[in-house]
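Take a look at the following structure, please.
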Amino acid sequence: MKRKLKSLLLVSLALMMAFSMVACNSKPVETNDDPIRIGFFAPITGPAAADGLSTSNSAELAVEIVNGNGGINGRKVEIVKYDDGLDTKQAVNIAQKLTTNDNVVAVVSGSYSGPTRVAAPIFQEAGIPMISGYAIHPEVTQSGDFIFSQSFSGAVQGKAGGVVAVDMLKAKRISIIAVDIDFGKELSESFTQYVEANGAEVVSLDKFAMSDSEFGPVITKLKEEVKPDLIYMANYYGHGAEIVRQVKNMDFDVQILGTEGIDSYQFLEIAGEDAEGVILTTNMDRDSEDESTQTYIKTYTEKYGLIPDMVGASVYDAFQVLFKVIEEVGTEPEDIRDAIKELKNFRTVTGVLIEYAPSREAIKPVQIQIIENGEFHYFDRIEDLDIITPVPK
Amino acid sequence: MNEVLRIEGLKMYFGGLKAIDGLDISLYREETLGVIGPNGAGKTTLFNVICGVLKPTEGKIFLNGEEVQGKSSFEMARKGVARTFQISKPLRDISILDNVVASLGINEYTGFKSLFKKSHSKETVDKAMMILRRTGLEDFKDKKAGEVSLGYLRRLEIARALAINPLLIMLDEPCAGLSNFAINEVIELIMQLKEEGKTIVLIEHNLPISMKVCDRIVVLNYGQKIAEGTPKEIQSNQEVIEAYLGEDDDFA
Amino acid sequence: MYLIVVSVNIGIFILLALSLNIITGYAGQAALGHAAFFGIGAYTSAIMTSNYGFSFWISLPVAFMVSGIVGIGLGLISIRMKDDFLAITTIGVNFVIVALFQYSSFFGASLGMTVKKPMFFGMRMNTSGYLILITIIIIITCYFIHKMNKSWFGLALSSIRNDEMVASSLGIDVNKYKILAFSLGTAIAGIAGAVYAHHMTFIYSSDFAFTVSIGILSMVVIGGIGTIRGPILGAILLGAAPELFRFFADYRMIVYGGLLVLMMRFQPQGIFGNDSFITRNFIQAYKNIFKKKVGDIIE
Amino acid sequence: MLLQQLVNGIMIGSVYALTAMGATLIYGILRILDIANAAAYAVGAYLGWYIYTLTNNLFLAFFLAMILTGLIGVLVEKYIYLPIISKPNVITIVPLITSVGLFTLTGDLLRLIAGPNVKSLGVKLRIGVLQIGNLRINPEWIFIIILTALLFSILWFILNKTKLGLAWRATASDSEIAQAMGVNINVSMALSYILGYGFAASAGIMVGLLYNSIYPTMGDIPSYKMLAIIVLGGLGNPVGTVLAGLLIGLSETLVAAYIGSIMPRDVIAFLVLIIVLLVKPSGLISKKNA
């Protein structure tokens, strides 16, 4: 018995040693002929695979275009892509692999809050800058000064939603339907705060689980008892589409206001005609005159046969930011970080990036789009810095 | 104080079904009591009630003068009531030896503390081997119980009951489904137990066996005792013959 | 570093598989909600260290206790329900507990919980630290299970697994032992949870969902149920699979699913189970070379 | 409003019953908790969608997809499950894990073949909204309810009025005795899978139609929810399954309407399950009095 225990101990010690030996391989010296390696991870399999596809397409498109133009300062860009399956355990493995094995100079997250949140501290510790495309968890950028977010914080977008509801649409009685994850929580909280401070009333709040798809009971209740004049949907395209379908099915005459969560061609596909007239806050203006926006929309549609959406555009922008700063300061991670901090008034496909807030979240105008004839169109835009600057918590 | 087991006014109802309906039985030290009766007479139910598997609807059970009805099965086992099952229930995926060792542990299953006490001590294994030798299972000790034939499983049932070193052994049709040869072996084993002075209750459908083995026989029908006496008396009891007529060819 | 991180994750799963094996492998009770107890341990220790400032080292035994105590509840349920009914009820328990994490603000609700990395003699625990810690816990657990197998406790569980009626006829208090088995298994899962929470530094309700329970169970069964080596090797195999199959890229989940089906189709006793192809041949080879008694090497 | 909510609950409950019916039929004979039934649900939905886009005929899509999925079911039963359960000493978890593997495999295969994006059926039914007083029932629901009733009637007919059904019921109550009486249990097993996967497929198409969306992971929620329903219904009991489906549909709807968001929808099913089983450990209708 004793002997067996001893051998077990020895074996495990040997294993640990072996692991640390492999782990300690030193970084090869970088030369100018090597491509610039940028890490990327997204949920390519699993329940968020559609968003994974959209972001991974956009990431590849961004790299393809920059390489087509001769790369950055003559060096090609190479993308190191991983699938996290929307699983935090895999995200930790990936982050560790990217920081120690893959020699990437920077990373873009094309994933949701969970995986991005667990990966962020690892990149922070390794001193490799990460830009998160669209993760909304407030703690992502709090991991440290190497972590940036390309999307609005939940607080900004919720407040912008409030502006649309109260100031533009003059709603008085508002019902909220929110998905019960960080996205829905952050948005509905700051939305409620703005709405109630500006003379309107939130008359009901219904939370539901990510996996939920049946909204008949809630819409029935809203129609027959609550009778709001506006429904604010802090949720994703699947839920959103079902809500607008139910509303139309029940002949319920109410304005619907959505968020970037429904900014997807899949929303249009599922909801069809029922989506007409839905207004949403998002980051990409489809009617923008900006050349880069139109180029992105056009090349993406041609290449993949799909209509680009908010998550893809955000990831595409994150790559544009990286290309820009690497072109200016080279590939040292600290320099990249400093340059991102200093970046001002940079034109991206989602409008002009004014700068990164001290909380390292992008400050950019909130686009208000309306669905007309089965497409997203310009409705309005919020550029008021008081609204679009994130307030540190 | 020779009375090991006394049953008073025992009733066991399943909804409307009266499986046992007012039964009084006494059992004395070193006696072998046979319980016979047609199918559905309530024999196995009686066993299950005595062993604590079922809680009686009414009535009392005394074991060595102590009231025990309604106690759970493991408590009855610890009080010295060992049983075999009509359909052999070996612990299939462990060895024959372990099956017997498990039975030897009757006083060792103390809960969490039993984690720190080794089961296969030399003393225990020796004891188990002795029982295996007695029941003729020695050669199969390392075989899994699920892999041996029915005849050996019956012996295993008895070996397990023996290992408990019981006050009272209850055998539920130990010969059912066996060949004549195997039946004789089992009978031999029971006779040995008798000689050692064990107190035994035997359910046996095969009447000649009961007649041969038992000191006293109780006949059940529809949950009631219709006769009681020595094998000789039972053999000539008109009521018993009627209850069995056409029921069982073995009765002759 | 990457390998160490992967190893820590695998180590956590080894511990989970070993602990589930006490309930399912040794006591023979269906348990499809093991991840819930993993979660209870994780949240218990996370709340203790992050909200109340306790040391990680104190939170470990507390996580063990709390999970074990909740596990008693599951044991009580197992007295009332059997087999497939019990199996599905444990799934239900998994869902209810995850919902509690998801909906109660005490557990961080929909924002999850951020966990501070623990200190060890004034140094921040790094990944290698976790690897050493989890290895030590695994060794202790293995030793403990080995001890259990040789004790009356183990024999009682074997009896219950085979036939509860027989077990009680041998004087075994079946209910008590079932509760003990559930509570021990879930308590060890609680420790795994505590290490996990501090290793990941962020936990969220869905980390402990039903699919995780199924994953743990698959490890036990694929490896070989009712043995010590089975769950360990099963956890290594399935835990490393998502990483090993990375170069299949798009096909890796198909490979993973296909592997589960094929293994169950052709080796239902698990790859390293008592009756499996590998074990039989290994024993044969070992016997041929060393002419030793089989019992000495394979317990 | 209460009336409308009760109708909502019964409607969603009948879809649950239909979804779980396949698993019940399979459990009835093979005693397998077949999670892969949810894979059949997704495969059926995709087949239905594909046939519908080719032919533009909803009924054809519906029945062809059911039959095709049923046939796949027979292959799965014959080449995967049957060899596993006929091996000696196989613990009951083994088929369960096999089905988890099948489910994972199928879900990702669908993603690779059809892409991760949502497909919409885009069916516009030309029947109007049914309006009785304040009560409104949408055309999709009318279609689904009629079809569900039809399918359950067919099932009832097969099980109770045909020789095949008699054999099935005999096998379900005791396969050994059935075999001794000359019932070919292989046929009963095959019937279980044809009907089981066929029903799952029909449920998949209906839900696809109802929410106008078909996607690779659509089976995720049914995969566990149907387990709750079949256990609640007494495991392997078709009538119990219908009752359990309705009970869960109603509970979910009423909780969502009157209590609000105290817990996720899926949890309600399991809470109902746990409560019912604690009171009655063998489910709503236990096997014995089926």
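All chains are identified by letter, namely A, B, C and D, in their written order; residue positions are counted from 1 within each chain.
Basically, a contact is a pair of C-beta atoms (placed from the backbone, for glycine too) under 8 Å apart; a residue touches a chain by one contact, two chains touch by 3 or more.
Given the structure is predicted, the values throughout are model-derived calculations rather than measurements.
Here the chain at the heart of the structure, going by C-alpha means, is C.
Chains joined by the most contact pairs: C-D.
Once the centre of each chain is set as its mean CA position, chain A and chain B turn out to be 72 Å apart. Chain D has its Cα centroid 31 Å from the Cα centroid of chain C. Chain B and chain C have CA centres that are 41 Å apart. Look at where the CA atoms of chain B average out and do the same for chain D: the two points lie 48 Å apart. Listed for chain C are residues 102-103, 250, 253, each touching two or more other chains.
For chain B, the set of residues touching two or more other chains reads 93. Within chain D, the positions touching two or more other chains are listed as 89, 108, 264, 266.
On chain C, the positions that touch chain B within their shared complex are 147-148, 150-156, 158-159, 161-163, 165-174, 176-177, 180, 226.
Residues of chain A touching chain C in their complex: 5, 8-9, 12, 15-16, 19-20, 22-23, 44-45, 82-83, 85, 88-90, 92-93, 96-97, 99-101, 114, 117-118, 121, 137-139, 180-182, 184-185, 209.
Residue ranges on chain C touching chain D, taken from their complex, read 24, 30, 77, 80-85, 87-89, 91-93, 95-96, 99, 102-103, 210, 214, 217-218, 221-222, 225, 250-251, 253-254, 256-261, 264-265, 268-269, 275. Put simply, chain D touches chain A in their complex at residues 1, 4-5, 8-9, 11-12, 108, 111, 115-120, 122, 129, 134, 136, 138, 211-213, 215-217, 220-221, 252-254, 256-257, 260-261, 264-266.
Interface of chain B with chain C (complex): residues 51-53, 72-74, 77-78, 82-83, 85, 89-94, 98, 101-103, 105-112, 114-120, 160, 164.
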